[in-house]
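Going in written order, the chains are labelled A, B, C, D, E and F, and every chain counts its residues from 1.
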């Protein structure tokens, strides 16, 4: 089974989400209208096709509400689901089911939406060696979860934060006095387990980067022709990442230029939820 | 000025978002390439037209990074911005600007995206008395913020959680043994400051609700004709909320049926970010 | 069984209370004088008559200390208990029992005290249609718990915070420029799921409120005669809440004026604990 | 000035209390009815005589809401106030004043209530050498604050938790196999900076304690005659603390027996709030 | 079994430590290279002789990672272990074992290091009545844990914080205007369950302390001759604690002067870890 | 100035450390013996030579206690200090100085101890190209701070957690079925911004690693001769890190083998504090 790799983080997030929804007085509707002993059976069903992600979050939401494991996953994260496909089953006190339902669906819908969009991008470039990568344009507080969703959709993760890799952008280059001093400064102060990427806008800049050396070069807002040229210049000496102007229409052409990676902010900042329903038996 | 109404909640959220992005080692790129004394001036600029929301979040991100107020809002939340329009200015240590930039933009982009989508829906129905309302289909942990964005876009807020109003849905009705016992149970146990809404799928159900009484009725997945008939039946005795199958194409027809409210999950679960850039001088 | 409706909130509160009592070094007396393997049986017994509330808090305190469910409730929240009545039993390691005892008793004593006082007020007005309501005059950090105790004692909950209903008081009226603009402003900006209450001191003010409309009117510090007149004026068009000068002596007369609700700050701000002992076998 | 001695603890508590009251949507009434630029002046006034406590909590509540110091204390904690006496002034945005008012008053009312009750007990025994002491029967989460209030009222603090002093009670004595082994066990394992108190019910037990030695003896539920005899037996070799059956009527007689301390659970578990009003100019 | 006396504190600390190590993306190495279903057996083995401490922390780390109790302690805290000695066994998913290993070893290594160093000091003075005591020179955030390790090594705990006992140092004496006013001030304001210690540098100061009275006297940086003289002067009327210039070479001579306690900052601020390995079968 | 790169993390850590030391009742000694208006001037002075680290932590401790910036750094982090050298000055309320002193000194002493030990190691190998690196053998909860101290002492940081780089150890290799499948698995699943290191014990293993490719190779417990041979085999194609059996005596020989990095757990797990005094004027 594929699971989110840090259950402690997940547990805390789900707890906060439940507290947000339950508020101070709890699920007053269910408390008023449903007996404490009533039980229900229900099914999570996809109302549109896509890639499922977030089953652990749903399971945890019901576990925290009920104290027991009442959620049974039928699919696993990363699985493809068709419209109408069964995702998971749940049995337990009706109040628990209704009290945790929204949190479970909000997580699953959002993460599955990201996974599904990632899979769409990936599908368009499956015939190339390029891979789709995410960005730091994530929802505040949900980065690790959204990047997991990207992986479930077949994408690659870029940096998780400002601290786990160097990415020298235009402003850094200006402040450092150019590409050469910027790269030298980075190499001097950065730990040996940290990769260095640098953004270039022109092929001239790229040549400098190739000379000084880096792990990855970000080819920002280049045309397909420029990208092709850039890939040729690099000649495999460093990874080439394209960014800017990427959408489901343009991604194929970009991938076919030979770049290694295409980063897409929209994966996390503009994915629609995948519509997942909870049908009571 | 329009501000998010609970600055303590905002401060804690921004703190968590900064910690998420800074990780354990901070902004290693800026630390390596930019001098501690370098300063910059930059402008937040809209790269597409829309409604701005989230200025307080950006201001707070820079305040927490810098210890000073270095963010100057030019617009205020709820303002309309054109493509290229100036939103805010910022001046201070370059490291601070780059260190908090992503958090500021992630909040502003997301909240402005929601406000802008809400405004689009609202514009389509401005000729009617209907109002657009949000749902609980929000991002886990961001509900109060996203609902604020809906207000900035001209929308109405539905419940903030399971605890601040009663919404009796189909499952509650089944569990309670019907609409009548469900409404009676709610009225009996709910505080006098709490409103009661109930979902109906048919006009027959609606008639029962009108008889027993409630504050709001949710007309779920009804056709325009049914909605029109429902509004007539209700005759102003309770508020009518339409939901289901609402999108930018259908919303006008729904609003013209005479309903008071149209709730749209997409406002918060599927809005794209508004593209906001940070241009350094 | 009646349970506090948000177990996640309860768990966190009990954890904080245990940490407060255990401090940095734990229960040093029991550690020094009692063997780790010694076990005890004990009974929670009422040392005075009243209404029991807080059993879940006690159960949780022992569960967190022991890792197991060692608390057995005999009564349930809201039950009446006589002097000497058995409330709950507990069996387990003696150190656990003594280590969590104070937290369990502090919660149960306080919440049962509130429930018992509420029940006393309610009993005095049982022959009328009026209901006793609480206020926001609660212990900082314990509001949701104390309002639950009010419900267990037969009372109604007023607002849980500043955010879940509108209550326009004298200062708001002055600031808004009168009752009419205040009510109009509230109706314009408040969500459709939120009720509006407004305070009046005179019958003239009341007439204005009736004209403009609201959900509830707060009749503040009125004499019984005024209240009676107010109820007549209102004629069922909105709920009437009386407040001010309410105590166990005056409540009956107030209730008999025909008001719907009587709010009593003393329920939560001045209730004595119910004396509950823990007797070891 | 007398201040609560741990401002970090106070800041966090006030923050939680404000969040509890502001909820997710903030003070919706003031937001709707009062302009963002309106300012007010108001006075905290005692509506009954007593001892003031909690000024720092009120000051902090307004500071957190406003970002500025807008609260001016006229009295200080521990001061006596008459009915109608001015306690503090406040000037600032009307929304801030109304948004933080309830939290400020809830803290001040509760803590002043405890200080006032402590002062009443202390006044009854001022002609003796005895001092009033508190217990661990405090509100969960507020212990340090309530014990501060006891000090402001002229009382002494007993243990702050299970960890800062040893108190061997009847159950410990039974578990340890008697007073002698219990005291020996405590002396053996406890740090040299920790005091030891032991509870006795009979004069025979007391004699054993005097022989073995301790810092304090708790004379539980003894009659005045027994207490007098106990004090004589002890002869100043250890501190004598009386507990059980203490109220405002009995405390004088108990103090006159010559005991050093009289502990009173009611100080913290059953004090009524001191009624403090906020009068707007 | 000997356990850390506040499991709630321990659980939270271990959770934070795991989150620190797992970061945002979890144990990416194990996730990449080890199957989710692979299981392992491993042994915690001492790579040098010493005193074991911290087994509960290791157990908790694996429990939080796995959700099950997969750690089996062979020794208990405070036990002596030889080089190569078996400390504990563990069986479970390989990913769990590798994911929690470092946290478990970091806690056990550090706490065992402190216990072992304490035991070394204690062994040097076992022929005297003196006891080794710790100080507040502990790692920020780990005080309660490190003081527990001191106890496991046979040492005594001094104050846990600034709040649980009085220690009047030179600066306090100067500020108060001398030893006499300082002691009087302390006695007047401190609760009856709190001990008072005062630091002296000279025998003259000591004589004053003996006259006024205190619980403990701290003889700071005195020579062995001075200490001997001091002990004679005190004559058992208060506890004598020596501090300053204490190391494994000097401790014996100091202890033989007759002092009751010798406090050693190095126990917690400069102990090396005990080397504990995790050997996979 | 050199500052810890994540002030938000630092602020929270210092707050927790102050709360730990102040406990529930605060600095009862200073409150009893020192007037609220007394002020003091004091100097932080090195009592032994070393490298200073942690000035921001001290500054923050006094800031949080006082609300003002009363700490003036004379040196900065990373500076060398001689015995008796002045590090910082502080002026303010005497109670503040004494209340935050221990937290300030505990942080500075520990971090300076780590920086100083790192500098000692680095000095021994300054004539080589090798650099000293830390490990994950850090104090739970203090990793980012201790790794900063290593940088201040001239060392390099290895991984900050399990998530920011891949380190394939012996157990992973066994579980994956050998070096080749382990490296292939890592390369396949790891993001493009993440480096891969693998541990080898033999030169044969090393040859395989060179063939398959990695970023860094960990040469574990090899003799100087083996290391020399390894460096030759690698020929600059990947970074060589030596570990095992490193101490101040052996480090020079290891460095002279030509390795790039030498990792030393003792930097963080066994450094003594640097003795820093606070001398009051």
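Operating definition for what follows: a residue touches a chain if its C-beta (ideal position, glycine included) is under 8 Å from a C-beta of that chain, and two chains touch if they have at least 3 such contacts.
Here the structure is a predicted model, which means the values were calculated and not measured.
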item: Where chain A and chain F overlap in contact partners, by chain label; value: B, C, D, E
item: Chain pair with more C-beta contacts, A-C versus A-D; value: A-C
item: Rigid-body rotation angle, chain F and chain D, from Cα fit (steps of 5°); value: 120
item: Shared interface numbering between chain D and chain C [over half = same, under half = different]; value: same
item: Most distant chain from chain A, judged by the mean position of its C-alpha atoms; value: D
item: Distance from the mean Cα position of chain E to that of chain A, given in whole angstrom; value: 44
item: Chain B and chain E: spacing of chain centres that average the CA atoms, whole Å; value: 52
item: Between chain F and chain E, distance of the C-alpha-averaged centres to the nearest whole Å; value: 22
item: Chain C: positions in contact with at least two other chains; value: 20, 22-28, 31, 143, 157, 160-161, 163-164, 194
item: Pairwise touch network: line, ring, star, complete, or other; value: complete
item: Chain B residues within the chain D interface of the complex; value: 1, 3, 5-9, 143-144, 147, 157, 160-161
item: List of chain D residues in touch with chain B within their complex; value: 15, 18-19, 22-28, 31, 36, 64-65
item: Residues on chain C engaged by chain F in the complex (per definition of touch); value: 20, 23-24
item: Residues of chain F defined as touching chain A within the complex; value: 6, 131, 133, 156-160, 163-165, 191-195, 197, 215-216, 239, 241, 260-261
item: In the complex with chain F, residue positions of chain E that touch it; value: 13-14, 16-17, 20-35, 38, 40, 94, 98-99, 102-103, 105-107, 109-110, 113, 136-143, 160-164, 166-169, 171-176, 182, 185-186, 188-190, 194, 266, 269-270, 272-273, 280
